[in-house]
Amino acid sequence: MIDKTSKKPLKRRDFIRKSLHAVAGLTIGGLAGILFSKSSSEEMVWQLDPNICIQCEKCSVNCVLPHSAVKCVHSYSVCGYCDLCSGYLQPGTKVRDTGAESQLCPSGALKRTYVEDPYFEYTIDEKLCVGCGKCVKGCNSFGNGSLYLQTRHDRCLNCNQCSIARRCPSQAWNRVPASRSYILKGDEKKKFLKS
Amino acid sequence: MRYKSRRSKLFIVALLFLFPLLGLSQVPERVPKPDFETDYIRPDFLTPTPRATALEYIDIGVLIVALFLATYFAHKQRSRQNIFLLMVFSLAYFGFYRKGCICPIGAIQNVTYALFNPAYAIPVFVIVFFVLPLVLALFYGRTFCAAVCPLGAIQDAVVLKPTNVPGGLAAVLSVLPYLYLGLAVLLAATGAGFIICQYDPFIGFFRFGADFNMVIFGLSMLLLGTVVARPYCRFLCPYGVLLNWMSRLSKRHVGITPDECNNCRLCEESCPFGAIKKPDEAAPPANREAEVKKLAFIIVLLPIVVFGSGWIGSRLEIPLSRLHANVSLAEEILLENSGQRTELTDETKAFRASGKPTEELFAEASAIQRQFKVGGWILGGFIGLILCLKLINLFMRRRQSEYYVDKGTCLSCGRCFSYCPYEQVRLGIITPKEAEKMGSKEVKIKQFRA
Amino acid sequence: MAKQAEDNRRKNRAKLWYNIAKRIAIVAAVLAGILSVLMIVNYLQTKSVDPMNSKAIAQLMTQLQENPSDTALKEQIRALDLLARKAYFIYQWQIRTGSYLLFAFVLILLLALKYMSSLQPRLPDLSKSPEPDEARENKFISRKYILFGGLGLFILAFILGIISQTDLKNIGIVKTKGGQGAAVFPSIEEIRNNWPGFRGPEGIGVAYHTDVPPEWDGPSGQNILWKTPIPHPGYNSPIIWAKRIFLSGADRRTQIVYCVDADSGEILWQKELNDIPGSPERRPNVTEDTGYAAPTMTTDGQRIFVLFATGDIACLDFEGNRIWAKNLGMPDNHYGHGSSLITYRDLVIIQFDQNTGGRLLALKTLTGDLAYDQPRDVEISWASPILVNTGSRTELILNSNPFVMSHDPQTGQELWRVRCMQGEIGPSPAYAAGMVYVVNDYARLAAIRLGETPDVVWEYIDDLSEVSSPLATNDLVIMAASYGAVTCFDKKTGERLWIQDFSEGFYSSPVLVGDSVYLMDVSGVIYVFKAEREFRLISQHELGERAVTIPAFMHNRIYIRGEKNLFCIGD
């Protein structure tokens, strides 16, 4: 509504604009300064804490990847190499064989190989693992808990807001620094933290 | 013997029951570790590393170069073609190669989260991604939007037959980004989540996979984008709000004409984003007195409106705080404890297994609700203020006698350049004399890029 | 002329390219459309089948569990499983390839359309001269839109804020009801002025309301103020706070709490508690003489606490509103859980002895949160804890096999233990003036003197009590055996002062009221005798109904739960 055509208001407008410009610049600068004081040069990545995980199977369906980046990993140093493996075998199965009807894993990703009497080694084929955590639940219930879930960083896209973390019922997911990108168990944990 | 085996089974059953109660998160070592007699060696345990941090610095480099080029193409070269090519590159690099993460839009939340959550160390490159486009906009306008932003690029790529959004509707819709920004900041500050990322409509395309609903949302955004240019950028993008503020104050901003405007009207329809403004009324309106009164009324009312909307915002504490996982969990626990719900959810099962006291959870939830109350006051007040300022702005009369770009909403995409006769003169396609004749009924644009 | 021909050629060329682009666009659009329809169908199909959780396989698996040796069934499962896995990974592949293909088609379509649209500049209709007031008009409309839009937004937000309710806000109300959060618990005077748990205040069988009606007779109704039938069975004893009596009842299906008005005998409210999170679906097997509601309830004057044989524990307020409830894990108990609850300050304490994994638990009265959980290395028992002030501190004393143990009730920390018991322990401890008395059938009656190292100072091994808890007075100890013998000892020396045989046995425990002992046998007859070194029977009164619970003494009245009814005796 300013209708004066003299040069004064123009100058005034210019002045206001310049000072606003300076204020905006200072704000961004100040904000950047505060942020840098809280920053780390390291990237943050997502990882789930297997000690909190309740194996609800949501990891297998909530990843943005069609084939979840969460896989079952196996801590050989914790494993009891059981013949009667509650992570490998269907509950109630009486025969300890490798037939599909005795396997707990829905995709056959958990492989059983004979080591020596009475020990069996269990390995995970990550290409097949869907990250449902059925075997983890079995192992946690009756075994040592050597099978557990971890997001694999060669697959993880590291979304800014992990879509699994958002839906995790036990709030087991957190941002962790890239140098400590796994939350492991047993000897693997010590080795990983040392390196 | 039979009895014993039953007992051991009972023991296991009891153990299963006790687990949640004891709050044992660590699984005890039930089976002794084997002593191998053969020379069996345990297989290696692989820990594939995340993307190297060095590559993040390459991203920063690409961003800087892209921002520089975008500004150069828009300001110096005034070449829509180059801007378009750079845009395609950015779409390929930041979008499809880097899967759309991290982008400055999402970085708003990281920045807020870092400010309010001392435990979160924000990575340096996120700060750079957040700050650089803003600084650039403060000097040269929104060249980031024109050619660097992958979300803008994917929408720009589908602009086919843009129509003008009616002025009134556009004015209302232009409030949405402020609302979105306010909500996103509130939810990030309280740690409830990153909604900008959660509801990013295009990231699913960049990753070749997404939630079914989000694919539908993204597809409809793109389909709408063929007729309404860049709908997300204009009517949702929260980062656009910040860029808008910066760009308004920018010292150098692209203009339609490289020379001076002769009001030939050729560029009038060229901007699909409605950022080109026609010369404003020269004469004061007939009912000036009434207008002044209305304006004064709004200005007087402004504090009341801000306070009132802040109050309404603070009333939203309950529904908004439910977006925080701890609050919704606390409410579920409460329902279960009072017997209103019998079926345990995964969330409450997990909580009960964690052994954390419910008292602590309730205290946390109440604290979060208080945060939302304060946040609601600020959010509501902010929206009230924005609405008032928008109204006041609509009373202001600019004495502008030429066609000009609205610095806030102009994305510096360069579409309008080639419509201007003097641009054609600058490029040596026509002579200044021809240019003067243009804009009459005989329209002729010789070389044209849109 | 040449120029015009050139122009025409250019125009034709442009037209040609335009048409080519148009055709490409159509083809790409059709292909993209078909592909997306295929992908959506594929998505919906896999969503409804979900090869990773195949119902068909699950069904066959249950069949296999019934006939584990059926090889044909096994083969069928294997084949189906292979098929399901294949389907899953093919689906993954389809999604990936499909989206890449779709991307390619859409890219081509876009390029073509983009090219077509780039040939058409957006030009204004210059034939119409611009309206001078257009901008002003626009602003005017925009103002209106913003005004109404903003108003709509605020109204929407306001309604949303109004209709949203949360119970989280009410936690504070419960907390502040009657005082300051967690710190609300009754004083020892208040406790002694009421009857808040098993065997009265502190659980030691001493009544502080010593005025009792001298005469009553159940069958004739003399001095029976009221008699209220309690629908659900329970061997728990009534507890009283001010004018309210609480007791619980349960069968295999139902768990229920009753609140009875002390003056009228009217059931003020009853609350079913059958939907407690974690409650076992399969009810535990209990014996007939224990039942599902053996543990006596307790109260802290604000809230009442109830425990059932299922391990379900709940906290209600005096109006019957459920404040919290949880399951402690189903007790592994072959008769059914019997130990009663007791409160100490802001804790409710549970002696949770089981066949395996016995524990001493304390929950916060306010929230039901676990305050401590002490594993117990003792055999299963059915005795209830008592709380005694030994002068220097308050101790929680538990009778169990083989140890009698004392804990700090606040932290659960063990204070001392004495090995002196054996068998399946029913009777709870007794206490008076620095001495704890414990008894069990086929074991002994042991007197433990508290001190630096508590130890057994005397013991007695005949006519032992099986269920009924002993009573200690200032200089006597009295116990009642389940076959009808009542024995009295000198408290310090363990000398047997007298023994008296009664016709019926005793499950209920003696209660000291003033200088008299009230002891009820299983047929409901209450014997009143002096707590003296000579046996002197004062009177005996019939209830007319079998009863195994502990009578409650308050305000010149006695409240007794018989098999079916709750009686109030008074004049």
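For the reader, a short list of remarks on this structure follows.
Chains: A, B and C, in written order; residue numbering restarts at 1 for each.
Everything below uses one rule, namely that a residue touches a chain if its C-beta (ideal position, glycine included) is under 8 Å from a C-beta of that chain, and two chains touch if they have at least 3 such contacts.
Keep in mind it's a predicted model, so treat the numbers as computed, not measured.
Chain closest to the overall centre, judged by the mean of its C-alpha atoms against the mean of all protein C-alpha atoms: A. Of all the chains, the one whose CA centre sits at the greatest distance from that of chain A is C. Chain C has its Cα centroid 34 Å from the Cα centroid of chain A. Chain B and chain C have centres, each the mean of its CA atoms, that are 45 Å apart. Work out the mean CA point of chain A and of chain B, and you get 24 Å between them. Among the residues of chain B, those touching two or more other chains are numbered 209, 395. Among the residues of chain C, those touching two or more other chains are numbered 95-96. Residue numbers of chain A whose C-beta contacts span two or more other chains: 66. Of all residues in chain A, those touching chain B in their complex are 1-3, 5, 17, 20-21, 24-25, 28, 31-32, 34-36, 38-45, 51-52, 54, 56, 58, 64-66, 73-82, 115-116, 119, 121, 123, 140-145, 152-161, 163, 166, 169-171, 175, 177-178, 181-182, 184, 188, 191-192.
Contact residues of chain B toward chain C in the complex are 7, 10-11, 14-15, 17-18, 20-23, 157-162, 166-172, 175, 179, 205, 208-209, 212, 265-266, 268-270, 272, 277-278, 280-281, 285, 308-309, 312-313, 315-319, 322, 327, 330-331, 334-339, 342, 344, 348, 352, 355, 357-359, 362, 365-366, 369, 380, 383-384, 387, 390-391, 394-395, 419, 439-441, 443, 445, 448-450.
Chain contact summary for the complex, chain C toward chain B: residues 43, 95-96, 99-100, 103, 110, 113-114, 117-118, 120-124, 126-127, 130, 132-136, 138-139, 141-147, 149-150, 153-154, 157-158, 160-162, 164-169, 171-172, 273, 275-278, 280, 321-326, 328-330, 332, 354-357, 364, 366-370, 373. Listing the residues of chain C that touch chain A in their complex gives 52-53, 60-61, 64-65, 68, 73-74, 77-78, 81-82, 84-85, 88-89, 92, 95-96. In the complex of the two chains, the chain B residues touching chain A come out as 12, 16, 25-27, 29-34, 36-38, 40, 42-43, 45, 47-51, 53, 56, 99, 101-102, 106-107, 109-111, 114-115, 118, 120-125, 127, 130-131, 134-135, 138, 193-194, 197-198, 203-204, 207, 209-211, 245-246, 249, 251, 284, 288, 291-292, 295, 325, 345-347, 349-351, 353-354, 395-397, 399.
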